[in-house]
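Quick one: structure below, then a few questions.
Per-chain numbering from 1; labels A, B, C and D assigned in written order.
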Amino acid sequence: MISFESDYTTGAHQAILEAFVKTNLEPLSGYGTDKYCESAVAKIKAACGGNPDVYFLTGGTQTNQIVIDTILAPYEGVISAVTGHVNAHEAGAIEYTGHKVIELPGHAGKLDAGEVDAYITTFFADANHEHMVFPGLVYISYPTEYGTLYSKAELTALSEVCKKHGIPLYMDGARLGYGLASKECDLTLPEIASLTDVFYIGGTKVGALCGEAVVFTKGNMPKHFATRVKQHGAMLAKGRLLGVQFDTLFTDDLYMNISRHAIDMAEKLKELFTKKGYDFFLKSPTNQQFIILENAKLHELSEKVRFSFWEKADENHTVVRFATSWSTTDEDLKELEEIM
Amino acid sequence: MISFESDYTTGAHQAILEAFVKTNLEPLSGYGTDKYCESAVAKIKAACGGNPDVYFLTGGTQTNQIVIDTILAPYEGVISAVTGHVNAHEAGAIEYTGHKVIELPGHAGKLDAGEVDAYITTFFADANHEHMVFPGLVYISYPTEYGTLYSKAELTALSEVCKKHGIPLYMDGARLGYGLASKECDLTLPEIASLTDVFYIGGTKVGALCGEAVVFTKGNMPKHFATRVKQHGAMLAKGRLLGVQFDTLFTDDLYMNISRHAIDMAEKLKELFTKKGYDFFLKSPTNQQFIILENAKLHELSEKVRFSFWEKADENHTVVRFATSWSTTDEDLKELEEIM
Amino acid sequence: MISFESDYTTGAHQAILEAFVKTNLEPLSGYGTDKYCESAVAKIKAACGGNPDVYFLTGGTQTNQIVIDTILAPYEGVISAVTGHVNAHEAGAIEYTGHKVIELPGHAGKLDAGEVDAYITTFFADANHEHMVFPGLVYISYPTEYGTLYSKAELTALSEVCKKHGIPLYMDGARLGYGLASKECDLTLPEIASLTDVFYIGGTKVGALCGEAVVFTKGNMPKHFATRVKQHGAMLAKGRLLGVQFDTLFTDDLYMNISRHAIDMAEKLKELFTKKGYDFFLKSPTNQQFIILENAKLHELSEKVRFSFWEKADENHTVVRFATSWSTTDEDLKELEEIM
Amino acid sequence: MISFESDYTTGAHQAILEAFVKTNLEPLSGYGTDKYCESAVAKIKAACGGNPDVYFLTGGTQTNQIVIDTILAPYEGVISAVTGHVNAHEAGAIEYTGHKVIELPGHAGKLDAGEVDAYITTFFADANHEHMVFPGLVYISYPTEYGTLYSKAELTALSEVCKKHGIPLYMDGARLGYGLASKECDLTLPEIASLTDVFYIGGTKVGALCGEAVVFTKGNMPKHFATRVKQHGAMLAKGRLLGVQFDTLFTDDLYMNISRHAIDMAEKLKELFTKKGYDFFLKSPTNQQFIILENAKLHELSEKVRFSFWEKADENHTVVRFATSWSTTDEDLKELEEIM
C-alpha cells in the first residue's frame, strides 16, 4: 500500500547507504571524534556561515531535551507555543529534566513576537517573579507542527525580542530542509544561523536513518557538552553512524536537493487535492498537508493509502495529514490520484 | 594503522548493511512497530526461551539508564561493583535520573554473592534504614569491564541472593556475545534469561552500527515502557534502524558466529603476547586483553598499532587493553606480530 | 502600620506558643515519631472520619511537591487550572521533580468537571497518547487562589470524573479552615475527605508558625513515604515542631474557631469596602478580598495600610488583595475604616 | 526516663521561646524578608567576619541538598567520606537532585587532604574523564558523624587542595557549635569562614526548634538562590520562624554559651564512662560519645536510659552513642551515674 503517513517511513537516501558500505571497515575512533564527524562539522559550518559549534545527536526529542536542559539555568523554563512539539508530543521529556514548558498561544503553530515580548516584560515587572519560573529560552519549530513557516520579518521580530531580553532563541529544525526548500521560504540557512542562538538540522526526516545536527551559533555551546550528552544517555560509541550520514547529506548539496524534491511532490499533492475538490484544513507551504475528510471518505481512503489521523474537526469530519518526503515518487502520486 | 583500540572501531557486519539496502524503500510504521522489529523480537524470544518482553534501544549507557530508572522505585538505588560501568564511566547517567549507585567491592570486576547478601541483610536490619537508599536492583556486567565472566555457579548464587531478598538482577550485556562465545563460558542464553530478571544483548560492540536489545525475562517490563523511553529522549522515529539490525543478527546464528570469531582472534592474541613474553595484567577469557607494558615499550608500540590506555600500574609500567571484535582479521594479528 | 497584606504576617496562635513552652523540655523521639505527632494524627483522623493516613510537612509548596511527586507515576503529570498555585507560583517545584503541570482553564480559580472529563477522555482516545504525558492526578485548591469555593455539587462532579477515569483528586488546603468557615461552604471536613483522595489541612496560614497536615484518605499513602520525604529534604529532626502545633490546633476545635474568626473579620471588611463605595474585582466568600483601586488611591492607601498587589486591571486601575486571618482584630478594621 | 539519645530530643532554648512570644503579633513580611531575619544575618556576618551571604533553611538534609545542588554544575558530583551524612543517611537526597556522591575513604569520619588531591589529580589526568562525573565540591562535616574534628592544619590542607583545583569546600555544620566549643578545637568561626567556601551553622541540634544558617563566604551565593530554594519546596512563608531563632542565638553569645555547656556535660560524661570502666569506640572531643557495650549490658541499660544504637562491634558487643546537648543537666548525669 502506498504511504503518505509521515516523512519517516522509508530508510535512508541511497547515497548514505553507499557511504556506509564504503567506510565500513575503516577503523575509526569512537564517540564522534572520527574524521567523518569532523568533515561533516566543517561542511555544516560552511553552509551556515560564521563559526558555529556543531554536535550530532540521534533523534528529535533527544535533541530538544538535551539542548533545552543544557541551555537553561535550573530555575528557568522554556517558552513554547501550546502546540509546540516539546509541549505536546514528547511525553514530558522536558519536564523530566526539571524544566517547565511555559505555554503561549500558537497561531497556526507559530509564536507571536509581540506576545512573547509582553509575557517576558510582564514576568520581570511582577514583584513576585522570584517565586515563578524564569523564562530562559524561546522554542520555535521551522516548519512548525502545522507545516507553516515564519517569514524573515517574523523571525527577525522574535529574534529581536529575544535579544532585548537576553533570552536565547532555539529553532527545532526536525524538517528544516523542507522549510528551506519551500516556495514561501524567504530565509537562508546563514540567516537562520544569524537570527537564532541554537537550532538543529534534522536528518531523520530528511533522508537519514537517524541523526540531527545541533548548531550553536553564538559561541554558546554549553560547557562540557559531551559529558552532558553522555549523562543523558545520548552518546553513541560509533559516532561514525551520524558523521557519515551528515557528511553525505552536506556533500553536493544533497540535503537541499532531496528537500526540494519533497516540496515538489507536496506541491503536486496540493494540486491533486485541489483538483479533486478536497478541503484543506491548512494549505501548508511545506511537505505536510492537512486535509479535512468526511468520516465515510476517511474510512474508504484508509483502505487504499496510508496517512495520519490529525484531529477531529467535528462529529462527521476529521483532519488528516498527508506527508511527502525525499523518497516520495511520481508513481506514488499517480497511484494516489487513481484511488482518490 | 591497525587497531585493537576497542570493539567499536569498525562499522557493521556486511549482512547488516545488505539488509539496510534490501529493506530501504519499504514504507514501515515508526517507533519500533515495524515488521523487522517484530521479527527480531520473535527471534530473540526464541533464542532466550520462555516468553520475555524485548525492546530495542540505541546505546549502552542509554540502556543502563532507562532500565535502571524504570525498574527502580524512586526511593531505591542500584548495587554495582565499584568498577561497574554505571558507577565509573557513564558520566553520572544513573544519578541524573535520581538514583544512587550503591558501591560494593569488585573482584576482577565481579560482585560477590555473599557480599551482596550481607549488604542487603544489614541494610534491612538497620533500624534507621528508612533514612537510607533502599537497594532495589543488582547490576552486573557479563563480561565485566575486565573481560571476566561469572561462572554458572556464581551467577546462580547471585540470582538466589536476589530472589531471597525480592530484588531483581540486571545484567549489562554490552559484550554478551563475546561472553557466551568464550571457552570459559558455562552458561547458555536461556540460562542467563532464567537467572536474571532483565539483561541486554549488546549490538553496538558485536557487529551492529548501534543498538541493544533489552530482555525483560519475568513479565516485568515496566508499565508504559514506550512512554518512558520517549520521556528519556530515546525513542527513534525510524525504529527500523534497530529492527533490521537485530533481525539480521539473530538470523542463521550470525550473532554467535561473529562472537566466536572475535574470541578465536582473542585466543590467538593471547598466544601471541605469551609467546613474545609480555606480562598480562589479567588473562581474560573474552575479547579484551589487559597487558602490562613498560612505558618505553608503550610509547614505541603506540606509534605502530592502536590500543587503549587502561590505568597506570606503577611509575614505569602501564596497563593497556587490546580488544578484538567481529571484524578482527588474521591479517591484523599477523601485522601485530611483526611490530611487537 | 496595620497590615492586611496576607494571612501569614503574624506568628502563631497563643495556645500554640503555650504548648511549645509546656512541652519544651520533654525528651521526645525524632522525625515525627513523638507522642504529640501521634496525638495530632489521632485527632485529625477523628475530625476527618474514616481511617486516613496523616503526615505532617512544613510548608505549602513543599507539600504540593511531595504529594504530587509521590502520587504520580513517572510518566504522569498533574492537571491544574492555569491559575493554580502549583502552575503559577511555585517556581517550577513540580517540574523540578520531573512532572508536567497540565494546564486547563480556570474559572475564578476553579476547574470545571466537564472540561476535566473531556480532556482525559480525549487524551486516552488519541492513538498517540503513549507519546504524551499521562494525566495522573487532578489538583484543585480550596479556597482557590481567588478565594473562591467549590460547592458540594461541583466537588462531587469533579470527584466522579476522577473516579470514572481512575485518577486521584488532590485538594490543596493551604487555607482550608477559611474555606470551611465560610458562609458559602456547604461541605464538611469528612465530606472533603470522602470526595478527595488526598488533601492537606493548612497550618501556616491558619494559626501555626509552619506546618501542613497531609491526609491520604483512601489507604493510598505512597510506599515508604517517610523515606521519600527525607529524600526531598523535608523531614524535620524535631518533628515535635509540627506535632505540638497540630495537636493544639485540633484540640477544643481551635482550628475552626480561629478560622471562623477570620471569616467574621472578612465579612466586616467586605461591608466596609461596600459602604465606602469600593469596587470588588471578586467578592470572595473567604478571607481574601480583591478590590479594584484607582492608581492614585492605591498610592494614597499604601502609605497607611499594607495590602498586596494582585494584578493590573487597566492603565489606571489595579487589583489589590486584602486578607484577614486568625489574628485580625476589630481594632485593625476600625483603624482601616478611618484611613479609607 | 532520662535521654542521651540525641541532641534533638528537647525543644528550644528558653530565650528562643521568649522571643517567639515577644515578637508574635508584629506583622512581618514573609519569605525571610522580615527584620528579624535581617538582624540575624547581620549578627552572623559580624560573627564570621568578612562580608558573607547568609540564608536560613529549615533542616540539615534540606540544607545539604540545596547547597550541593545549587553549587554544583549539572555534570559535577560531590566528594564525601564514605561515612559522610550525605552519602549514608540522607535517603539519596543528593542523587535525587541528579548528582553523584563520590566516595573517598573516611578516617574517623574525616577526609584526608592528600587523598582528595590524588583523586582530583588522577581524575583530570584521565583522558576519558569527559565520560565520568566531574568532582565539583568537597563535602566535610565539622564535627564529623563520629564527633571528630579537623585540626586547623588539616582544614587548611584541605582548603589548599580545593583552591589548587578550583573546587569549592563545603562544611556541614549541623553541630558546629559543639565543634567550636570543644577543648580540642583550634579554629575560630572567622577562620572556618575563611577556609571554606560555604558552610552552615546548625540550629536544630544546638538550641533551636529548627533552622540552619547557610554562609556563602566568597561572594558565591548561587544566582537566584531564593527561587531555587522555593523550587526545592524549602521556602517558609513565615520566614520569621528562622529569623527570630537565629537572631536570638546570635545575641549575647547564646549560640556559643549553650554549645560550651553541652561540651562540659560531654566531658563529665566521658569521665563517668572512664571511671566506670566502659570501653570507648572513639573518645570524641565533642558532644557525641561512642561506647562499646556487651549486649547483655546494652539490654540492661536500655531499660533505664535512652541512647542510640550505632553499629555492631562483634557478635557480643555493640557500639552505642550517648549525646549531650544544650539542654543536658547535671541531674541527668547524676541519674545516669546511678544506673550505670
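By our rule, a residue touches a chain if its C-beta (ideal position, glycine included) is under 8 Å from a C-beta of that chain, and two chains touch if they have at least 3 such contacts.
What you see is a predicted model; the values in this text were computed from it and never measured.
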Relative to subunit A, which chain's C-alpha centre is the most remote?
D
Approximate Å spacing (C-alpha centroids) for the pair subunit A, subunit D:
50
Based only on mean CA positions, could you tell me how far subunit A sits from subunit B in angstrom?
33
Using Cα averages as centroids, what's the distance between subunit A and subunit C in whole Å?
42
For subunit D, residues that touch 2 or more chains besides their own
75, 90-92, 96, 98, 130-132, 227-228, 230-231
Chain adjacency by touch: line, ring, star, complete or other shape?
complete
Taking the touch rule as given, give the residues of subunit D at its contact with subunit C in the complex, in rising order.
1-3, 5-6, 8-12, 14, 17, 20-21, 23-30, 58-66, 90-93, 96, 204-205, 209-210, 227-228, 230-238, 240-241, 306, 327
Listed in rising order, subunit C residues that touch subunit B in their complex are 69-70, 73-75, 98, 130-131, 134, 223-224, 226-228, 230-231
For the complex, give me every residue of subunit A touching subunit C.
75, 77, 88-92, 95-101, 103, 127-128, 130-133, 309
